[in-house]
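The structures come next, written out as structure tokens.
Shared between the two complexes below is chain A, which pairs with chain B and chain C, respectively.
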Partner chain A sequence: MDIRIENLTKAYGDFKAVDNMNLTVGDGQLVGLLGPSGCGKSTTLFMLAGLTEATTGRIFFGDKEVTKVAPEDRGIGLVFQNYALYPHMTVEDNIMFPLINRKVRKDAARQQAYEMAKLVQIENLLKRKPSELSGGQQQRVAIARALVKKPEVLLLDEPLSNLDAKLRVETREEIRRIQQEVGITTIFVTHDQEEAMSISDQIAVMKSGVVQQFDVPQSMYLNPCNRFVATFLGTPEINIIDVEVLGGTIKCGDVVLRTGVDVKNGTYKAGIRPESFTHRENDHKYSVNSVRMIGRDLLLHLDMAGRDVRAITHSGQSITTGDTVEFSVRESSIILFGSDDKVIGKF
Partner chain B sequence: MEKKSMKGWLYLLPALIIITVFTLYPLIRAFSMSIMLDYDMIHNTFTGYGLENYQKVLSDKSFHKALGNTTIYAVVVVPCSIILSLLIAAMINGTKKTKGLFQTIYFLPYVTSVIAIGIVWSWIYNSRYGLLNSIISFFGFDPIEWLNKPKYALPALIIFAVWKSMAFNIMVFLAGLQTIPKEIYDAAKVDSTPRWRVFLRITVPGIAPMIVYSYIMGIISAFKVYNEVYSLYGGKAGPADSAITVVYYIWKKFYQSFKYGEAAAAAVILFFIILAFTMVQKLVRKFLSR
Partner chain C sequence: MKSTKVSNLVLDILKFTILILGAIITMMPFVWMILSSLKTSSEITAIPPTFFPKDPQWSNYQEAWSRAPFLRYFVNTVIVAVGSTFGVLITTVLSAFAFSRLNFPGKKLIFSLLMATLMIPGEMLVITNYITVYNMKLEIGETRIMGIDSYGALIIPWIASVFYIYLLTQFFMQVPDAIYLAAKVDKCSDWKFMWKIMLPMNKQAVVTIGILNFISSWNAFMWPLLVTNDPNMRVLSNGLTQFQSEAGSDYQLIMAASCILVMPIIIIYLFLRKYIIEGVTRSGLKG
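Coming up: the complex of A and B.
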């Protein structure tokens, strides 16, 4: 089932939590709503669920408009950030509950609950109470409960934020696997860009209630549409530096970064990802302010005409603070931003 | 080590003194008084020890009546009050803007003096000018002589007591309801749960500890009911003692008949009844929490 959001707005007094949002999600896609706290991503999700009423705009599931439809009639499965399992029921009763409410016969409901538990691999925990489960297991129960009524849309609110780092990576793969197996259109909310990029078919980056960019992860990372998206995606964060363009040459202070570009003369903000620095003999010499080992890579802080920039290089090299390194910036990886923070081009 | 425990005892001392003087000593005194024969409190004389006081009390028709009334009172008032309080608390909790207002209104009876409330209720029950009878006659029924006919005395007391005890219960339940996460109700909504099932499967289990607490406190205070009787009937126990309760019986034996030994014996019997109830409830609670 595809989802269409048209001019959706949610206002609380003068404050617009979601501002004139438009988005189309294809059937069977896994889409991440990504953004910082308070960007309106959860509000959007709850409007899709029907728990929050839209101020204006329309929501379509397939050809059917659901803007005014009650949550229970929308055919959605919803997974809450804190799972919201029914604490006094066993895992089995939790999963069966939506079916019992739909007057499914008890033995049939039990059978379906078992199948769903098997899908999320908790079939050995059916007789336990939620309080006896780990965070990851509770999460699986919540997903099973959301999926058991065979919804056409699955909505997940910050599904991984209550899990520890290792479990988070495992569980996100698990969510992807389950989503692929069931083939259900899924929207999930997250503030973790890595999480969004690793499992989503497409990502919608939001800021102040407005969708900044809606794209596949790779292209979002490589071709951000503005400074916010460029900054929000990627760790370590992209370097934003002041540059000057004069006669086709991009310079930062006295450091020549690129020549022969077709951009009007003037000062700009430029974004350079840390991994875009590459070693090249006889290029500009940067002095190393500090070195940090981050596993596979070394994170260097370099001095670029008095500014501190981050660069990543292989950890095999022996570079220490105070050294001088020769680096150039890879082709078409200097992103120039205009005065409105929109991207002018990549050079 | 010695010093440390000394310090600990020192901290406990104020509480221990108070408990000893006002709880432990009276308890022991009541026990000893209950086996003293022909005890005269003013001259502190008695003729010997024995169980005659218990015999007298246990064979006293008035005590049977008091025990019966108290039991009926406890068995009716406590569950009725809890069920009504639960429904009202759930309703108040559902309203957003008027929550604070209703919370205050329902809590008022708790902070108001029982005597003052008793006066208001004796007016409500008044057979000629009372509010209750004007409502009843509005619906075409004959007025009831609530406070004057023995057969209505206990029902009148029970209605009054249910109303009065609801204040505390509603307060406890509201506090309990606020501990149930909103998301669970949202989840239930998405799962298309009918309202009655939400109430029975989510709300009630969610505040089960508070219900058990209210129940135990309710039963204990029901067995000690006295204020309500005294204030509703202006110092009497209803027409022809028809609304007499165990504590009222004790009070009467002590202050009106000057039968100190019998009063103490009745008090000891009540003590064991409450003790037994509390133990049974502890067991039930243990069983339920498994």
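Coming up: the complex of A and C.
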């Protein structure tokens, strides 16, 4: 089922948590709502769930408007950040609970709960209490409980934030697998850009209640629409430097970064991703301020006309602090931002 | 290494000495009550007092039992204690749920007013309650429901406790919002949420409140004495007054009757010890 959000606003007094949001999510898609804390992503999710009332705007599931529909009648499954399992019930009773409330017969409910448990691979834990499970297992129970009533939309609020780093990677793949297997339209909230990029079909990046960009992960990374999106995506963070354009030449201090560009003269902010630096003989010489090993790559801090910039190069090379390296910036990977922080172009 | 062992031992000895002292101080009145209940009337007032009775008078129990209709008192006490505890649990759970989960106009005001009543000393309420009960005579056929000498008078003033409401509200408020919202999405009504999730999640607190209320109702003395004239409507604790006369008190019989009185409570305690201890330690409350 596709989801359509039209001019959705949630205001608390003068403060707009979500400001005139428009978004269309296709059937069976996995969409990540990504943004820093307080950007309105969870508010959006709770409005989709019906637990928070929208101030203005409309929400459609398929052709049906659900803006005023009660949460239990929207056909949604909701997974909370801290899972919100009922601590006094066994895993089985937890998963059966939505069915029992919908007057499903007990043996049928038990059967469906078992099938769901099997899907999320916890069928051997059915008789345990939530307190006897690990965080990852509790997460699976919560997903099974959300899916057991066969909802049309699955909503996940920060599903991975309570898990440790290794489990997080595992569980996000698991969420993707389950979502694909069930084929359910899913929206999840996260503040972790890597998490969002790795499993989403599309990402909506939010800031101060406004969707900045809605796109597939790769094109959002390569073609951010503004400085916020460019900065928010990617680790290590993109370098933002002051540059000057004069007669088609982009210069940072005395470092010539690009020539022959068609941009009006003036000063700009430029974004260069650390991995855009590439070794080239006889190009500008940068002195290396520090070197850090981050696994497969080396993270270098270079001196660019007195400014510190991050560059990534593969770890096979022997570069130490104080060395000089000859680097150029790859084609069309200097992103110029206008005074309104919107992207002017890539050079 | 060795010195820490020694200091640990000293610490242990100190710790247990204090615990044993505490236990003796707490136990002493009980032990004294039991021992005194087996003494003769001359031995109990003897100076210097004896600790152990020279010749245990088991007949004291028989005499105490026969002096007053204790069986009747016992039945009355059970009816009153069970009735008021049942009432307290229902009113407490319902209002705690309302105060912790539901939103209605004037919620804060009503809660503050209830809390304010905690400031009123119980002795002051006794008089107004007595007048209310006295004026509220209600009979259905032969049975008196309300008014002097009725079970209603013994039970109804005690079926709501602001303190327990306050206590349980705090427990209910600790249940995370997410659980409530999850239940909402799972098509669980407020009513069902209260019984199926809120109550089981706070089972210990509810059981503790029930037990504490039962004990205080069992031990109530002044109120039952005030609102009953008919010996048939009296409760166990009132029976103790039977042994006081103008000629003096039969202390050994009072002690024997007291032993009879506390027996059921001790038995209940032994059975529900686990709940009481957990409930009391978790709520920071003492009985």
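In the analysis below, the second predicted complex is superposed on the first by the 347 of 347 C-alpha atoms of A that agree within 3 Å, B and C clash if a C-alpha of one lies under 4 Å from a C-alpha of the other, contacts with A are read in each partner's own complex, and residues count from 1 in each chain.
As a convention for this text, contacts are C-beta pairs under 8 Å (C-beta built on N, C-alpha and C of every residue); 3 or more make two chains touch, one makes a residue touch a chain.
Note that the structure is predicted; figures quoted are calculated from it, not measured.
After superposition onto chain A, the modelled positions of chain B and chain C overlap sterically. Shared-chain residue A:287: touches no atom of chain B or chain C. In the superposition on chain A, contact is made by A:51 with both chain B and chain C. When the shared chain is aligned, chain B and chain C each come close enough to touch A:82. Once both structures are placed on chain A, chain A residues 49, 51, 71-72, 76-78, 80-82, 84, 86-89, 97-98, 101-102, 145, 149 are touched by chain B and, in the other complex, by chain C.
Within the complex formed with chain C, the chain A residues making contact are 49, 51, 71-72, 76-78, 80-82, 84, 86-89, 97-98, 101-102, 145, 149.
Those residues of chain A that touch chain B in the shared complex are 49, 51, 71-73, 76-78, 80-82, 84-89, 97-98, 101-102, 145, 149. Residues 176, 178-179, 181-188, 192, 197, 200-201, 203 of chain C are the ones touching chain A in the complex. Chain B contributes residues 181, 183-184, 186-194, 197, 201-202, 205-206, 208 to its touches with chain A in the complex.
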